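Below is one structure, written out as structure tokens; the observations come after it.
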Amino acid sequence: MLRINNLEVVYNDIILVLRGISLEAPEAAIIAFLGSNGAGKSTTLRAISGLLPYEDGEITKGTIEYRGEAVHTFDPQRIVGLGITQVPEGRRVFAELTVEENIRVGAHTRRDGKEEFRRDYDRVLAYFPALSRRLRVQAGFVSGGEQQMLAIARAFMARPSLMMLDEPSLGLAPLLVTEIFDIIRKINAEERVSVLLVEQNALMALAIAEYGYIMENGKIVLDGPSHKLMENEDVKEFYLGMKSDKERKSFAEVKHYKRRKRWLS
Amino acid sequence: MALQILLQLIVTGLAWGSVYALIALGFVLIFKATDIFNFAQPELMMLGAYLSFTLITALKLPFLPAFLVTLVLMTVISSLLEMMVIRPLVGEPVLAVIMVTLGLANVIRGMTGLIWGYEELQFPKPFSAQPIMLFGAAINQAEIFTILATALLLVVFFIFFKYSRAGLSMRATAEDTSTAFLMGINVKRVFTASWAIASVVATIAGVLLATFTYLEPIMGHAGLKALPALILGGMDSVVGAILGGLIIGVAENLAGFYLEQYLGGGINEITAYVIVLIVMMVRPYGLFGTKEIERV
Amino acid sequence: MNVIARSGLLIVALVVLLVLSAPAAKAEVGVTDDKILFGSFQDMSGPGAYLGKMCSLVLAAWKRWVNEDLGGIHGRKVDVVIEDNKYDPVLTKTAFTKLVDQHKVFALTAVYGSTPCQAIIEDIDKAKIPVFATAATTQTMFDPPRRYLFHYACSDQDNSIMMVDYIINDLKTKDPKIGICYQDDEWGKDALSGVELAGKKYGLAHTAAPYKRGEKNLNPQVMKLKAAGVTHCFFAGYAPVYAALLTEANKVGWKPIFFGDYVTVDPKTFMAGDLANGHFHFFNLGLRSEGVPGWKKMEEIFTKGGATEALDWPLAPLMWTPLLMLTKAMQDIGKDLTREKLIDTLQSYKDFDTAGLGKIEFGPNLRKGSHVYRVLQCDAAKKEFKPLTDWREPSLVWGKR
Amino acid sequence: MAVTRFCVRTYRQDLRILSSPAAKIGLILFLLVLLTLPLWARKYLVFVACISGVSVIGALGLNILTGMTGLISLGHAAFMGLGAYTAAILSAKAGWPMVPCLLSGAVMSAVMGAIVGVPTLRLKGLYLVVTTLAFQFIVQHVIYHWESLTQSDKGIKLATPAFLGLEFGSYDSFYYVILFCAVLVAVLTKNLAMSRTGRALVAVRDRDIAAEIIGVNLAKYKILAFVVSSFVAGLSGALYAYLLGLIAPDHFTFNQSILYVAMIIVGGMGTVLGSVLGAVFMVLLPEVISAVSGPLASAYPTLAPRIGGISVVVYGLVIILFLLFEPEGLFGIWIRLKRYFKTWPYTY
Amino acid sequence: MGFLELHNISLSFGGIVALSQVSLSVESGRLFAIIGPNGAGKTSLLNCISGFYCPQEGGIKFDGRELVGLRPDQVARLGVARTFQNVELFGRLSVIDNMLLGRHNHFRDGFFKNILLGYLAEQETVNRTKVEEIIDFLEMEKWRKHIVANLPYGVQKRVELGRALAQEPKILLLDEPMAGMNLEETEDMARFILDIHQELGVTIVLIEHDMDVVMDISQRVCVLDFGQKIAEGTPEEVQRDHAVQNAYLGENYETMIKGELRS
């Protein structure tokens, strides 16, 4: 459905952020997109959403195709219109709008009438019952977890066929993370929405994804079906934090060597 | 007698307050959508008045068509200004944007001087000069129209922002531009539209003001008083801007009458600022403004 | 390398500055073999820009008339440098220094504005440069008299005293309630002091309603005057504001007799339409509608000089009459033109012939060029002002008050 | 410890202003030009230099408040006015000599700065902007209407400035007083910027929450900024009063306040050099405009009434163009020039 | 009597209760973790300690001094340093300047000495030396002169930690130092925290969502839920606590992840 070919992105005319990445997201699948900070995951999402030109970024090479159509020159509103929505990192709900208004803003591109809107509105509240109790509250006053739900609900209102989530677990409690991942999986299954999941929490992401890409320094260094990736020794060591014997190593003991280096030099 | 004077002062104050309110409304419209504080708003008002003056006197158009054509022209002009001058500055520090709009104000004022000269010009009066009596207070027809226009616009914009899709998208854009992009909102169009709408409001204010005074390139100075009105009402509140304008209009008229002998002539000119100072001490975000939610 | 490059650049800059600032050859300042240079500052973009426009037009017409029709003055052409002062005292100060030190003008002419002129009063004394003449309505311009500073304008104090005289002596009103609406600056206060002086003389109280320059809403002022029951109201300020005052007074149903000062003798007064009709004004100049020879000549010269617009301006002689006198003085002095001689000559004329443009006269200790006025009445239908009386002085004559 | 000594050495090198002999020579030449200016320049040029000097001081003052601390003020001219009027009144009515007058002008303004600073502590962004604007108009009104003290628009004449028996009555001599003050204020401001206090001010500007958490007393530093800034503004105003010999309410209007903001923006926000460059630039700009429009107006008098508009338009355009194309201001251009000359004749 | 003692703290915003009757005691030299679901009031708790919020009820004693009613800068001066969930640095300044700002209260020069001497003052050198030591300690040498805003997120978090260290605090409050970091960065951060704790002997209060980190490095854990303290104890005790599992970790936290892994 979505295909990225050899994409190169430059910021401020000098900083090369993406060095030719290729990626594919099939219909109704969950794809995990892993990598360290600054690897270029968010930039990739921005490139897909068409936000780059507004942030001094530029696609210098490569294409993004959506259902066979090259979309990398499209304006953001056109991309949303095609059915690609993004849940931005850090939630970014409109704090001074109420929860309900936030949900309404999500349906901005839709032109299919009041009834359809009503139907989706009810459905989204069914997915996130926590929100229906807070409809009249300013979004800035609801808790972090509710904000994350609202951000997903808002993106859902655009009736996407591809939903891109940028670190939905950021700063959330484990229980909430599981809840949100559950809902993501549910939406994916019931609405047949493809999900592109950018995550630090590699374990969780790979657990629900079918396929995973691992990115470093603007390049995709590894990809494969989730279970294959989870078997991979490097992934285990660097992304899942496990030793080869499947036991998690303790943070209290890591990398003493690195500290000692200082005293040696 | 004393009561009648008070009533007269209030009624005239309301008419002038409506002018401030309309200019303040223009400020709010742009601020709400683009987070930009447009100091050139009074100059847009002046430009609107001059344009319709030219259409009426030089092209001999009747008042109403001339007024409508002016609205269209002003929409085009302000959209162009937004695209050429303001858009590149979105996201820059507050001060930079303020200064650009101040610069813009200078350019418009200078151009007006260049084109129309510095003489006071008499605006062709579309309304009868015969005043109307209202509970014993006299009021010009032009003043009545100003008050009515303000009330109407208040209702229109209140509904617009609360319920319409475009209004909602403007509010969303104002709050977080890049997320607004992700919602599929055409942010560029929202920015341009907010300037266009603000210029329409400004033109209405300018033409109405001109009908009960006269035209001159420094008529924008009256618009400076919209700033206190705006602050009083809270920067992002449509209702606040209008109420703020009316409060300032009435207060300064009353001060001009009752306080002049104690505080010197021209006290009405600074009443607005004194009120603002006091209000800011008590409510640092205006009477109707929302306190920004700040999370650490 | 870059040391040399950079210091080289600085040295070049230094040399350029030195060359640019090399002082000109010493001669009688502003007068060369073929040119006499005058300076003037005008408000070209500030609140008095309307006057600035008229002054520039008058000066241009004068220049053309002297240089082409008269063939110059003893073989010298006149030239005028104009600086924009935006009616701002600081810029006036700058403009003055620039005219004196940069352009090295011979004298200043046709300058106006109370606040700007005020700012350079000391500098004029220091620079010993004739200023002929200022049109500023403040007493400091002529009291105490300063050798280099000539004043030619109406005094609002005279005007407002004349108003009370007129009400008592000509209109013979019993128990008038006098009011004054004035621009809250030196100009307006001048008028206010006149009302006070005359009030003391006749034993009348008055109601004062000041407004700030640029203010457009006169409702509080009108209400104040109305509430005090004012029957005769003096106005000191610009004509458009006067028109606004008339309109606002009409709106609230207050119908006194208005007296406008000399600045309101202006076509802009008719912005108020019929409301201006029948009210009085004070004026020290001849009127175009009278068809006096002085105006006829002005019409001819202005038309040739492309200043026809200035002809619609009743105040034009205020700028023009001093220029006539200045021209005459320079012709009388002869080839050896100096600043001191110019001043001596200008103050020596008795009863200078203006051909009906009004009176202008100075003396060794008299720097107030104008002291007789007529009362005019406004005819809104014809858009004209008609003289009602002959030239007269206020009952409290300046210098003897 | 070896490490420590190494650090100290780099630290000194880090912060040396005059890093090369060329810079030293340049600076000395520049000072030489400034010091000898009245000897070779025309009086008018000296006058413009004096105005520039006063503006430089004023701009430096605003830079402390707006550029460094991030508190936007549209009432800077009011503070200058307070300084000017205090000096003028003391000089004319109490007959005080120059130095005490200058100082009390500055102190008076600083006190008012504190008085304005305290209630505006809670205000942010545009609310602060409009409040300072209100202050500007109110001060203007008071100056205008407290006639017994300020003589309204008649203005106050100051006594000829004198110090240690020397008279500074002419532009040529007063130039040195202004030059001394300008250099002093510039050096002190630079010191401020490079020390603990300056860093704390910048911290308040950049992120007030973070500033608080590291122990910066927000209220104290905001008020400090107001006080120092208005002290400098007051000094600048007092010098201005002495320079002109006469002071009137119209000298300190809203437009002047805008002009000062324009100076620090055109110069480059938050930098000392930027404020200096910006002030000089904005003073010279009308000179350049009138150098063009003046002869035009004389040559084509019918154009004259319209030409005034040009200067207003150009003034506005300069601000717009700077912000659009050179947001770092003249300071940015200066840095680029410097880099260019350093590597000259190579492009990179 | 603990080093930091919170006694029945209650805090609410316009009717919404953020904290109710929370009491805590942190002993000197402890590495103390606070966990809990989102909106449980963890950050509010830190804000109360550092003076951003003023609790409506209760008292906070630190090193024998009452903190309630003090401004944040006064609290900081007593030796309380903290970092933020979202990095709060001075973006336009260099790393060194940020760290020097951290030493704001260790300068002994006043305003007048500042404007007279500028950077030539001796104090500048003294404090700069300290800053260099911390830069060395946190291995940030290569970013010393970089403008903070241009640095990667992980480094910014480290700079923030460095700035807090520069204050030479007696107690360090860390609000989610690992949020948004990958495994490698998390490991680095964990190491730094342990070093600060062990080598410098600073008392640390840590809020963190990464349960693995919390369980591995902290000595004592307190769990908040809906503004109330529901448990406190050693990591092992807390992990076994039923209330904690229900409110926060989910039923059998460890097995859940392992289960996911197997599927």
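Order of writing sets the chain letters: A, B, C, D and E. Residues in each chain are counted from 1.
Keep in mind that, in the parts below, a residue touches a chain if its C-beta (ideal position, glycine included) is under 8 Å from a C-beta of that chain, and two chains touch if they have at least 3 such contacts.
Keep in mind that what you see is a predicted model, and the values were worked out from it rather than measured.
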>> Over the chains that touch one another, what is the least number of steps taking subunit A to subunit C?
In response: 2
> Along the shortest chain of touching chains, how many steps lie between subunit C and subunit E?
Replying inline: 2
>> Need the most distant chain from subunit A, centre defined as the mean of C-alpha atoms.
In response: C
> Farthest chain from subunit E, comparing Cα centres?
Replying inline: C
> So, what's the distance in Å between the C-alpha centres of subunit B and subunit A?
Replying inline: 43
>> Using mean CA coordinates as chain centres, what's the gap between subunit B and subunit C in Å?
In response: 36
> CA centre of subunit B versus CA centre of subunit E: separation in Å?
Replying inline: 48
> Which residue numbers or ranges of subunit D touch two or more of the other chains?
Replying inline: 144, 209, 305, 308-309, 311-312
> Where does subunit C touch two or more other chains at once, residue-wise?
Replying inline: 44-45, 49, 52-53, 184
>> Residues of subunit A that contact two or more other chains, please.
In response: 141
>> Touching residues of subunit C toward subunit B in the complex: what are they?
In response: 44-45, 47, 49-50, 52-53, 184, 209-212, 214-217, 219-221, 223-224, 227, 238, 240, 243-244, 247, 250-253, 268, 271, 273
> For the complex, which residues does subunit E have touching subunit D?
Replying inline: 50-52, 71-74, 76-77, 81-82, 84, 88-93, 97, 100-102, 104-105, 107, 109, 111, 114-119, 121, 123-125, 128-129, 132-133, 136, 163, 167
>> Can you tell me which positions in subunit A touch subunit E when the two form their complex?
In response: 35-38, 90, 141, 143-146, 167, 170-176, 178, 200, 202-204, 207, 230, 238-241, 248, 250-252, 254-256, 258-259, 262
> Hey, which residues of subunit B end up touching subunit A in the complex?
Replying inline: 165, 168-169, 171-172, 175-187, 290, 293, 295
> Which bits of subunit B are touching subunit D when the two form their complex?
Replying inline: 37, 85, 88-89, 92-96, 98-100, 102-114, 117-118, 224, 227-228, 230-231, 235, 263-267, 269-270, 272-274, 276-277, 280-281, 284-286, 292, 296
